[in-house]
Amino acid sequence: MDTTTKKNTDRIRVQLEDFSVEEEINKIKGCSKRIGGIVAFLGAARDFSKGRDIQKIDFEHYPGMAETRLTEIREQALKDFDIIEVTIIHRVGKLSIGDNIVLIIVGAEHRADAFKGCSWSIDELKRITPIWKKETTPEGDVWVEEHP
Amino acid sequence: MDTTTKKNTDRIRVQLEDFSVEEEINKIKGCSKRIGGIVAFLGAARDFSKGRDIQKIDFEHYPGMAETRLTEIREQALKDFDIIEVTIIHRVGKLSIGDNIVLIIVGAEHRADAFKGCSWSIDELKRITPIWKKETTPEGDVWVEEHP
Amino acid sequence: MVVKVRFFAVLKNLVGKDELSIEIDKETTLAQLIEKLQEELPVLKDLLSERRVLISVNQETAEKHCLIRNGDEVAFLPPFAGGAPWIRA
Amino acid sequence: MVVKVRFFAVLKNLVGKDELSIEIDKETTLAQLIEKLQEELPVLKDLLSERRVLISVNQETAEKHCLIRNGDEVAFLPPFAGGAPWIRA
(Lines give C-alpha, C1' and ligand atoms only; values in the text may rest on other atoms or scores of the structure.)
Protein backbone atom coordinates (compact mmCIF):
# COMPACT_ATOMS: atom_id res chain seq x y z
CA MET A 1 0.00 0.00 0.00
CA ASP A 2 1.20 3.49 -0.78
CA THR A 3 2.28 5.45 2.24
CA THR A 4 2.64 9.14 2.72
CA THR A 5 6.07 10.53 1.96
CA LYS A 6 7.75 13.78 2.86
CA LYS A 7 9.94 15.92 0.63
CA ASN A 8 13.03 17.85 1.56
CA THR A 9 11.05 20.92 2.52
CA ASP A 10 8.37 21.31 5.15
CA ARG A 11 6.65 23.70 2.74
CA ILE A 12 5.61 20.82 0.47
CA ARG A 13 3.63 18.00 2.02
CA VAL A 14 1.34 15.16 1.00
CA GLN A 15 -0.09 13.76 4.18
CA LEU A 16 -2.87 11.71 5.78
CA GLU A 17 -3.30 14.08 8.73
CA ASP A 18 -5.22 17.33 8.75
CA PHE A 19 -3.27 20.59 8.78
CA SER A 20 -3.69 23.84 10.67
CA VAL A 21 -4.14 26.84 8.40
CA GLU A 22 -3.15 29.17 11.23
CA GLU A 23 0.07 27.28 11.95
CA GLU A 24 1.07 27.25 8.28
CA ILE A 25 0.32 30.97 7.93
CA ASN A 26 2.45 31.68 10.99
CA LYS A 27 5.34 29.73 9.47
CA ILE A 28 5.05 31.82 6.32
CA LYS A 29 4.91 35.03 8.33
CA GLY A 30 7.98 33.89 10.24
CA CYS A 31 10.02 33.69 7.02
CA SER A 32 10.39 37.38 6.44
CA LYS A 33 9.36 40.65 7.99
CA ARG A 34 8.84 41.97 4.46
CA ILE A 35 5.67 39.89 4.06
CA GLY A 36 2.69 42.25 4.07
CA GLY A 37 0.12 40.25 2.12
CA ILE A 38 -0.72 36.58 2.50
CA VAL A 39 -3.22 34.78 0.29
CA ALA A 40 -4.40 31.30 1.20
CA PHE A 41 -6.46 28.90 -0.86
CA LEU A 42 -8.19 26.13 1.05
CA GLY A 43 -9.98 23.38 -0.84
CA ALA A 44 -12.54 21.50 1.22
CA ALA A 45 -14.60 18.40 0.50
CA ARG A 46 -17.95 19.82 -0.45
CA ASP A 47 -21.23 17.99 -0.72
CA PHE A 48 -20.67 17.01 -4.35
CA SER A 49 -23.03 14.07 -4.15
CA LYS A 50 -25.57 15.43 -6.64
CA GLY A 51 -28.09 12.83 -5.65
CA ARG A 52 -25.59 10.03 -5.15
CA ASP A 53 -25.30 8.62 -1.65
CA ILE A 54 -21.61 9.03 -0.87
CA GLN A 55 -20.36 7.09 2.11
CA LYS A 56 -16.74 8.20 1.98
CA ILE A 57 -14.13 9.88 -0.16
CA ASP A 58 -10.63 8.60 -0.64
CA PHE A 59 -7.64 10.37 -2.15
CA GLU A 60 -4.76 8.37 -3.62
CA HIS A 61 -1.47 9.80 -4.88
CA TYR A 62 1.65 8.62 -6.65
CA PRO A 63 4.15 8.92 -3.79
CA GLY A 64 7.29 10.68 -4.85
CA MET A 65 5.93 11.95 -8.16
CA ALA A 66 3.17 13.97 -6.45
CA GLU A 67 5.65 15.64 -4.08
CA THR A 68 8.04 16.32 -6.99
CA ARG A 69 5.29 18.04 -8.95
CA LEU A 70 4.30 20.17 -5.94
CA THR A 71 7.94 21.12 -5.40
CA GLU A 72 8.20 22.15 -9.06
CA ILE A 73 5.04 24.26 -8.73
CA ARG A 74 6.43 26.01 -5.66
CA GLU A 75 9.76 26.73 -7.35
CA GLN A 76 8.14 27.95 -10.54
CA ALA A 77 5.81 30.25 -8.59
CA LEU A 78 8.73 31.71 -6.62
CA LYS A 79 10.47 32.37 -9.95
CA ASP A 80 7.53 33.75 -11.94
CA PHE A 81 5.82 35.95 -9.32
CA ASP A 82 7.11 38.65 -6.99
CA ILE A 83 6.44 36.55 -3.91
CA ILE A 84 8.48 35.54 -0.87
CA GLU A 85 7.24 32.15 0.29
CA VAL A 86 4.88 29.34 -0.77
CA THR A 87 3.45 26.38 1.14
CA ILE A 88 1.54 23.56 -0.56
CA ILE A 89 -0.12 20.77 1.41
CA HIS A 90 -2.41 18.06 0.01
CA ARG A 91 -4.15 15.44 2.08
CA VAL A 92 -4.66 11.86 0.95
CA GLY A 93 -6.58 8.95 2.44
CA LYS A 94 -10.18 8.85 3.63
CA LEU A 95 -11.98 12.17 4.06
CA SER A 96 -15.47 13.31 4.96
CA ILE A 97 -17.55 16.21 3.70
CA GLY A 98 -16.24 19.46 5.13
CA ASP A 99 -12.73 18.10 5.61
CA ASN A 100 -9.73 20.06 4.40
CA ILE A 101 -8.19 18.66 1.20
CA VAL A 102 -5.61 21.12 -0.06
CA LEU A 103 -3.93 24.28 1.21
CA ILE A 104 -1.78 26.75 -0.69
CA ILE A 105 -0.39 29.79 1.09
CA VAL A 106 1.58 32.52 -0.66
CA GLY A 107 3.31 35.37 1.17
CA ALA A 108 4.42 38.52 -0.66
CA GLU A 109 5.24 42.13 0.00
CA HIS A 110 2.18 43.21 -1.97
CA ARG A 111 -1.20 41.61 -2.20
CA ALA A 112 -1.62 41.56 -5.99
CA ASP A 113 1.43 39.31 -6.36
CA ALA A 114 0.21 37.02 -3.56
CA PHE A 115 -3.19 36.62 -5.28
CA LYS A 116 -1.60 35.87 -8.66
CA GLY A 117 0.91 33.37 -7.26
CA CYS A 118 -1.69 31.51 -5.20
CA SER A 119 -4.25 31.32 -8.00
CA TRP A 120 -1.65 30.07 -10.50
CA SER A 121 -0.34 27.46 -8.05
CA ILE A 122 -3.71 25.83 -7.38
CA ASP A 123 -4.53 25.78 -11.10
CA GLU A 124 -1.19 24.12 -11.77
CA LEU A 125 -1.63 21.67 -8.90
CA LYS A 126 -4.95 20.52 -10.33
CA ARG A 127 -3.41 20.19 -13.76
CA ILE A 128 -0.22 18.24 -13.13
CA THR A 129 -0.32 16.50 -9.74
CA PRO A 130 -0.94 12.73 -9.78
CA ILE A 131 -3.70 12.59 -7.17
CA TRP A 132 -6.97 10.70 -7.64
CA LYS A 133 -10.29 10.71 -5.85
CA LYS A 134 -12.57 7.76 -5.21
CA GLU A 135 -16.11 8.03 -3.90
CA THR A 136 -17.65 5.03 -2.18
CA THR A 137 -21.39 4.67 -2.77
CA PRO A 138 -23.84 1.81 -2.04
CA GLU A 139 -23.46 0.84 -5.72
CA GLY A 140 -19.66 0.60 -5.47
CA ASP A 141 -16.58 2.74 -5.88
CA VAL A 142 -16.37 5.54 -8.43
CA TRP A 143 -13.15 7.29 -9.42
CA VAL A 144 -14.08 10.87 -10.19
CA GLU A 145 -12.60 13.93 -11.81
CA GLU A 146 -13.77 17.15 -10.26
CA HIS A 147 -13.23 20.82 -10.98
CA PRO A 148 -13.60 22.64 -7.66
CA MET B 1 -11.69 58.32 22.73
CA ASP B 2 -13.10 56.18 19.93
CA THR B 3 -13.96 52.69 20.99
CA THR B 4 -14.43 49.60 18.92
CA THR B 5 -17.96 48.96 17.74
CA LYS B 6 -19.66 45.88 16.41
CA LYS B 7 -22.10 45.67 13.52
CA ASN B 8 -25.17 43.50 13.17
CA THR B 9 -23.22 40.59 11.74
CA ASP B 10 -20.34 38.63 13.22
CA ARG B 11 -18.94 38.48 9.67
CA ILE B 12 -18.01 42.18 9.79
CA ARG B 13 -15.80 43.34 12.63
CA VAL B 14 -13.51 46.23 13.52
CA GLN B 15 -11.74 45.23 16.69
CA LEU B 16 -8.75 45.78 18.96
CA GLU B 17 -8.14 42.08 19.58
CA ASP B 18 -6.35 39.71 17.26
CA PHE B 19 -8.41 37.17 15.31
CA SER B 20 -7.92 33.49 14.54
CA VAL B 21 -7.78 32.76 10.81
CA GLU B 22 -8.61 29.11 11.49
CA GLU B 23 -11.67 29.94 13.56
CA GLU B 24 -13.00 32.35 10.94
CA ILE B 25 -12.41 29.82 8.16
CA ASN B 26 -14.28 27.19 10.17
CA LYS B 27 -17.23 29.57 10.60
CA ILE B 28 -17.30 30.10 6.83
CA LYS B 29 -17.09 26.35 6.22
CA GLY B 30 -19.94 25.85 8.68
CA CYS B 31 -22.25 28.05 6.57
CA SER B 32 -22.80 25.65 3.75
CA LYS B 33 -21.73 22.20 2.66
CA ARG B 34 -21.61 23.56 -0.87
CA ILE B 35 -18.41 25.49 -0.10
CA GLY B 36 -15.51 23.83 -1.91
CA GLY B 37 -13.07 26.70 -2.30
CA ILE B 38 -12.06 29.23 0.32
CA VAL B 39 -9.72 32.14 -0.38
CA ALA B 40 -8.35 34.19 2.50
CA PHE B 41 -6.39 37.44 2.35
CA LEU B 42 -4.40 38.30 5.45
CA GLY B 43 -2.71 41.69 5.68
CA ALA B 44 0.10 41.82 8.22
CA ALA B 45 2.18 44.70 9.54
CA ARG B 46 5.38 44.36 7.58
CA ASP B 47 8.69 46.05 8.28
CA PHE B 48 7.84 49.13 6.23
CA SER B 49 10.28 51.36 8.08
CA LYS B 50 12.51 52.09 5.08
CA GLY B 51 15.24 53.46 7.32
CA ARG B 52 12.90 55.11 9.79
CA ASP B 53 12.98 53.83 13.34
CA ILE B 54 9.38 52.89 14.02
CA GLN B 55 8.48 52.32 17.63
CA LYS B 56 4.83 51.44 17.14
CA ILE B 57 1.97 51.50 14.69
CA ASP B 58 -1.51 52.66 15.51
CA PHE B 59 -4.68 52.21 13.50
CA GLU B 60 -7.63 54.57 14.00
CA HIS B 61 -11.06 54.22 12.42
CA TYR B 62 -14.28 56.18 12.17
CA PRO B 63 -16.52 53.98 14.34
CA GLY B 64 -19.80 53.24 12.67
CA MET B 65 -18.80 54.54 9.25
CA ALA B 66 -15.97 51.99 8.92
CA GLU B 67 -18.28 49.09 9.81
CA THR B 68 -20.95 50.40 7.43
CA ARG B 69 -18.45 50.51 4.57
CA LEU B 70 -17.27 46.95 5.31
CA THR B 71 -20.87 45.76 5.42
CA GLU B 72 -21.51 47.40 2.05
CA ILE B 73 -18.41 45.71 0.60
CA ARG B 74 -19.57 42.32 1.87
CA GLU B 75 -23.08 42.76 0.44
CA GLN B 76 -21.80 44.01 -2.90
CA ALA B 77 -19.37 41.08 -3.17
CA LEU B 78 -22.15 38.59 -2.40
CA LYS B 79 -24.21 40.22 -5.14
CA ASP B 80 -21.51 40.59 -7.81
CA PHE B 81 -19.66 37.29 -7.48
CA ASP B 82 -20.82 33.68 -7.41
CA ILE B 83 -19.79 33.24 -3.77
CA ILE B 84 -21.50 31.90 -0.66
CA GLU B 85 -20.04 33.73 2.34
CA VAL B 86 -17.69 36.65 3.17
CA THR B 87 -15.99 37.64 6.43
CA ILE B 88 -14.15 40.96 6.83
CA ILE B 89 -12.22 41.81 10.00
CA HIS B 90 -9.98 44.84 10.52
CA ARG B 91 -7.96 45.49 13.63
CA VAL B 92 -7.42 48.94 15.11
CA GLY B 93 -5.27 50.22 17.96
CA LYS B 94 -1.57 49.65 18.58
CA LEU B 95 0.14 46.93 16.55
CA SER B 96 3.66 45.60 16.15
CA ILE B 97 5.50 44.33 13.08
CA GLY B 98 4.23 40.90 12.12
CA ASP B 99 0.82 41.48 13.72
CA ASN B 100 -2.34 40.69 11.79
CA ILE B 101 -4.12 43.80 10.48
CA VAL B 102 -6.91 42.71 8.17
CA LEU B 103 -8.56 39.44 7.18
CA ILE B 104 -10.96 38.76 4.33
CA ILE B 105 -12.30 35.25 3.78
CA VAL B 106 -14.50 34.29 0.85
CA GLY B 107 -16.17 30.89 0.49
CA ALA B 108 -17.54 29.70 -2.84
CA GLU B 109 -18.41 26.52 -4.65
CA HIS B 110 -15.60 27.11 -7.12
CA ARG B 111 -12.20 28.59 -6.55
CA ALA B 112 -12.13 31.13 -9.37
CA ASP B 113 -15.12 32.96 -7.88
CA ALA B 114 -13.57 32.88 -4.40
CA PHE B 115 -10.34 34.43 -5.73
CA LYS B 116 -12.20 37.17 -7.61
CA GLY B 117 -14.48 38.03 -4.69
CA CYS B 118 -11.64 38.17 -2.18
CA SER B 119 -9.35 40.25 -4.37
CA TRP B 120 -12.13 42.74 -5.17
CA SER B 121 -13.11 43.04 -1.50
CA ILE B 122 -9.63 43.93 -0.24
CA ASP B 123 -9.17 46.48 -3.06
CA GLU B 124 -12.49 48.04 -2.16
CA LEU B 125 -11.70 47.99 1.57
CA LYS B 126 -8.49 49.92 0.94
CA ARG B 127 -10.34 52.38 -1.26
CA ILE B 128 -13.38 53.32 0.80
CA THR B 129 -12.90 52.39 4.47
CA PRO B 130 -12.15 55.26 6.88
CA ILE B 131 -9.16 53.73 8.66
CA TRP B 132 -5.89 55.58 9.25
CA LYS B 133 -2.41 54.49 10.26
CA LYS B 134 0.02 56.37 12.48
CA GLU B 135 3.67 55.43 12.94
CA THR B 136 5.46 56.59 16.06
CA THR B 137 9.14 57.41 15.50
CA PRO B 138 11.75 59.16 17.68
CA GLU B 139 11.04 62.30 15.61
CA GLY B 140 7.31 62.16 16.34
CA ASP B 141 4.12 60.72 14.91
CA VAL B 142 3.58 60.30 11.18
CA TRP B 143 0.23 59.53 9.59
CA VAL B 144 0.95 57.38 6.54
CA GLU B 145 -0.79 56.13 3.47
CA GLU B 146 0.40 52.73 2.36
CA HIS B 147 -0.30 50.44 -0.55
CA PRO B 148 0.34 46.92 0.67
CA MET C 1 -29.53 74.25 15.42
CA VAL C 2 -26.50 72.40 16.74
CA VAL C 3 -24.14 70.34 14.61
CA LYS C 4 -21.43 68.00 15.82
CA VAL C 5 -18.10 68.31 14.01
CA ARG C 6 -15.41 65.59 14.13
CA PHE C 7 -11.80 65.46 12.97
CA PHE C 8 -9.88 62.24 12.36
CA ALA C 9 -6.26 61.13 12.22
CA VAL C 10 -3.82 63.86 11.13
CA LEU C 11 -6.60 66.47 11.00
CA LYS C 12 -7.37 65.83 14.65
CA ASN C 13 -3.72 66.56 15.50
CA LEU C 14 -3.52 69.64 13.29
CA VAL C 15 -6.79 71.16 14.47
CA GLY C 16 -5.92 70.25 18.05
CA LYS C 17 -9.25 68.66 18.89
CA ASP C 18 -11.21 65.64 17.77
CA GLU C 19 -14.70 67.03 18.16
CA LEU C 20 -16.71 70.22 18.74
CA SER C 21 -20.27 71.48 18.60
CA ILE C 22 -21.29 74.49 16.54
CA GLU C 23 -24.50 76.59 16.42
CA ILE C 24 -25.77 77.22 12.91
CA ASP C 25 -28.82 78.88 11.39
CA LYS C 26 -31.57 76.95 9.68
CA GLU C 27 -31.11 76.49 5.93
CA THR C 28 -27.33 76.30 6.28
CA THR C 29 -25.61 74.31 3.54
CA LEU C 30 -22.51 72.20 4.05
CA ALA C 31 -20.50 74.88 2.19
CA GLN C 32 -21.76 77.58 4.58
CA LEU C 33 -21.00 75.42 7.59
CA ILE C 34 -17.41 74.94 6.38
CA GLU C 35 -17.04 78.73 5.99
CA LYS C 36 -18.29 79.32 9.50
CA LEU C 37 -15.96 76.66 10.87
CA GLN C 38 -12.98 78.26 9.13
CA GLU C 39 -13.76 81.54 10.89
CA GLU C 40 -13.75 79.82 14.27
CA LEU C 41 -10.74 77.60 13.46
CA PRO C 42 -8.41 79.59 11.17
CA VAL C 43 -6.05 76.57 10.87
CA LEU C 44 -8.80 74.70 9.05
CA LYS C 45 -8.67 77.16 6.11
CA ASP C 46 -5.07 76.22 5.30
CA LEU C 47 -5.73 72.53 5.89
CA LEU C 48 -8.61 72.44 3.44
CA SER C 49 -6.71 74.32 0.76
CA GLU C 50 -3.46 72.38 1.16
CA ARG C 51 -4.62 68.87 1.92
CA ARG C 52 -6.89 66.27 0.48
CA VAL C 53 -9.85 66.11 2.85
CA LEU C 54 -13.11 64.21 2.49
CA ILE C 55 -16.11 65.63 4.31
CA SER C 56 -18.91 63.33 5.43
CA VAL C 57 -22.35 64.13 6.85
CA ASN C 58 -23.82 61.45 9.11
CA GLN C 59 -21.08 59.09 7.93
CA GLU C 60 -21.95 59.42 4.26
CA THR C 61 -20.04 61.38 1.61
CA ALA C 62 -21.93 64.68 1.15
CA GLU C 63 -22.31 67.34 -1.52
CA LYS C 64 -21.41 70.94 -0.62
CA HIS C 65 -24.84 72.32 -1.55
CA CYS C 66 -26.70 69.94 0.80
CA LEU C 67 -28.58 71.42 3.73
CA ILE C 68 -27.40 70.53 7.21
CA ARG C 69 -30.05 69.50 9.73
CA ASN C 70 -30.13 69.82 13.50
CA GLY C 71 -28.08 67.11 15.17
CA ASP C 72 -26.12 66.17 12.04
CA GLU C 73 -22.59 64.86 12.42
CA VAL C 74 -20.07 66.43 10.03
CA ALA C 75 -16.64 64.81 9.84
CA PHE C 76 -13.35 65.78 8.22
CA LEU C 77 -11.48 62.73 6.93
CA PRO C 78 -7.91 62.71 5.65
CA PRO C 79 -6.84 60.07 3.06
CA PHE C 80 -7.32 56.53 4.35
CA ALA C 81 -4.42 54.20 5.14
CA GLY C 82 -5.34 52.10 2.12
CA GLY C 83 -4.33 54.90 -0.21
CA ALA C 84 -7.65 55.85 -1.78
CA PRO C 85 -7.85 58.16 -4.75
CA TRP C 86 -8.86 61.39 -3.05
CA ILE C 87 -11.25 64.15 -3.98
CA ARG C 88 -10.38 67.62 -2.86
CA ALA C 89 -13.00 68.95 -0.44
CA MET D 1 16.46 -6.46 -17.66
CA VAL D 2 13.65 -6.09 -15.17
CA VAL D 3 11.19 -3.22 -15.14
CA LYS D 4 8.68 -2.37 -12.43
CA VAL D 5 5.19 -1.51 -13.67
CA ARG D 6 2.62 0.34 -11.53
CA PHE D 7 -1.08 1.05 -11.96
CA PHE D 8 -2.93 3.79 -10.10
CA ALA D 9 -6.51 4.58 -9.13
CA VAL D 10 -9.14 3.19 -11.52
CA LEU D 11 -6.48 1.41 -13.60
CA LYS D 12 -5.34 -0.51 -10.53
CA ASN D 13 -8.92 -1.73 -10.05
CA LEU D 14 -9.42 -2.59 -13.71
CA VAL D 15 -6.11 -4.38 -14.16
CA GLY D 16 -6.62 -6.10 -10.82
CA LYS D 17 -3.15 -5.35 -9.46
CA ASP D 18 -1.21 -2.28 -8.47
CA GLU D 19 2.25 -3.45 -9.43
CA LEU D 20 4.18 -6.12 -11.32
CA SER D 21 7.68 -6.87 -12.59
CA ILE D 22 8.40 -7.70 -16.20
CA GLU D 23 11.48 -9.06 -17.99
CA ILE D 24 12.42 -7.16 -21.12
CA ASP D 25 15.26 -7.29 -23.64
CA LYS D 26 17.90 -4.62 -23.87
CA GLU D 27 17.09 -1.80 -26.30
CA THR D 28 13.36 -2.03 -25.57
CA THR D 29 11.46 1.22 -26.13
CA LEU D 30 8.48 2.33 -24.06
CA ALA D 31 6.23 1.49 -27.03
CA GLN D 32 7.62 -2.05 -27.16
CA LEU D 33 7.21 -2.47 -23.42
CA ILE D 34 3.55 -1.45 -23.68
CA GLU D 35 3.02 -4.02 -26.45
CA LYS D 36 4.59 -6.75 -24.34
CA LEU D 37 2.47 -5.76 -21.34
CA GLN D 38 -0.71 -5.92 -23.42
CA GLU D 39 0.14 -9.53 -24.36
CA GLU D 40 0.50 -10.47 -20.70
CA LEU D 41 -2.49 -8.39 -19.54
CA PRO D 42 -5.09 -8.46 -22.33
CA VAL D 43 -7.37 -6.10 -20.32
CA LEU D 44 -4.75 -3.38 -20.71
CA LYS D 45 -5.26 -3.27 -24.49
CA ASP D 46 -8.88 -2.17 -24.12
CA LEU D 47 -8.04 0.22 -21.33
CA LEU D 48 -5.40 2.02 -23.36
CA SER D 49 -7.63 2.31 -26.40
CA GLU D 50 -10.75 3.38 -24.51
CA ARG D 51 -9.40 5.55 -21.73
CA ARG D 52 -7.18 8.54 -21.29
CA VAL D 53 -4.00 7.20 -19.71
CA LEU D 54 -0.73 8.98 -19.04
CA ILE D 55 2.39 6.81 -18.91
CA SER D 56 5.37 7.92 -16.83
CA VAL D 57 8.88 6.52 -16.62
CA ASN D 58 10.65 7.08 -13.33
CA GLN D 59 7.91 9.52 -12.35
CA GLU D 60 8.40 11.74 -15.40
CA THR D 61 6.19 11.95 -18.47
CA ALA D 62 7.88 9.88 -21.17
CA GLU D 63 7.94 9.67 -24.96
CA LYS D 64 6.99 6.35 -26.57
CA HIS D 65 10.25 6.06 -28.51
CA CYS D 66 12.42 6.35 -25.37
CA LEU D 67 14.51 3.37 -24.34
CA ILE D 68 13.71 1.68 -21.05
CA ARG D 69 16.62 0.89 -18.75
CA ASN D 70 17.06 -1.86 -16.19
CA GLY D 71 15.26 -1.02 -12.95
CA ASP D 72 13.07 1.68 -14.48
CA GLU D 73 9.62 2.29 -12.99
CA VAL D 74 6.84 2.60 -15.56
CA ALA D 75 3.48 3.81 -14.31
CA PHE D 76 0.01 4.01 -15.85
CA LEU D 77 -1.87 7.08 -14.61
CA PRO D 78 -5.56 7.81 -15.21
CA PRO D 79 -6.76 11.46 -15.29
CA PHE D 80 -6.03 13.29 -12.04
CA ALA D 81 -8.76 14.41 -9.63
CA GLY D 82 -8.06 18.01 -10.58
CA GLY D 83 -9.41 17.39 -14.05
CA ALA D 84 -6.31 17.88 -16.15
CA PRO D 85 -6.46 18.10 -19.91
CA TRP D 86 -5.43 14.57 -20.89
CA ILE D 87 -3.24 13.18 -23.60
CA ARG D 88 -4.17 9.82 -25.00
CA ALA D 89 -1.41 7.28 -24.36
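Chains: A, B, C and D, in written order; residue numbering restarts at 1 for each.
We adopt the following convention: a residue touches a chain if its C-beta (ideal position, glycine included) is under 8 Å from a C-beta of that chain, and two chains touch if they have at least 3 such contacts.
The structure presented is a predicted model; accordingly, all values stated were derived computationally and were not measured.
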Ignoring chain A and leaving every other chain in place, which groups of chains are still linked through touching? B, C | D
Report the inter-centroid distance (CA atoms only) between chain C and chain D in whole Å. 74
Between chain B and chain C, centroid-to-centroid distance (C-alpha), Å: 26
So what's the Cα centroid distance for chain B and chain D, whole Å? 50
Multi-chain contact sites of chain B, meaning residues that touch two or more partners: 147
When you check chain D against every other chain, which residues touch at least two of them? none
Applying that definition of touch, give me each pair of chains that meets it. A-B, A-D, B-C
Considering only the defined contacts, which chain A positions touch chain D in the complex? 59-60, 62, 64-65, 68, 125-134, 141, 143-147
Given the complex, residues on chain B that touch chain A span 20-22, 25, 29, 33-48, 97-98, 109-111, 114-115, 118-119, 122, 147-148
Touching chain A in the complex: which residues of chain D? 6, 8-10, 13, 56, 59, 75, 77-85
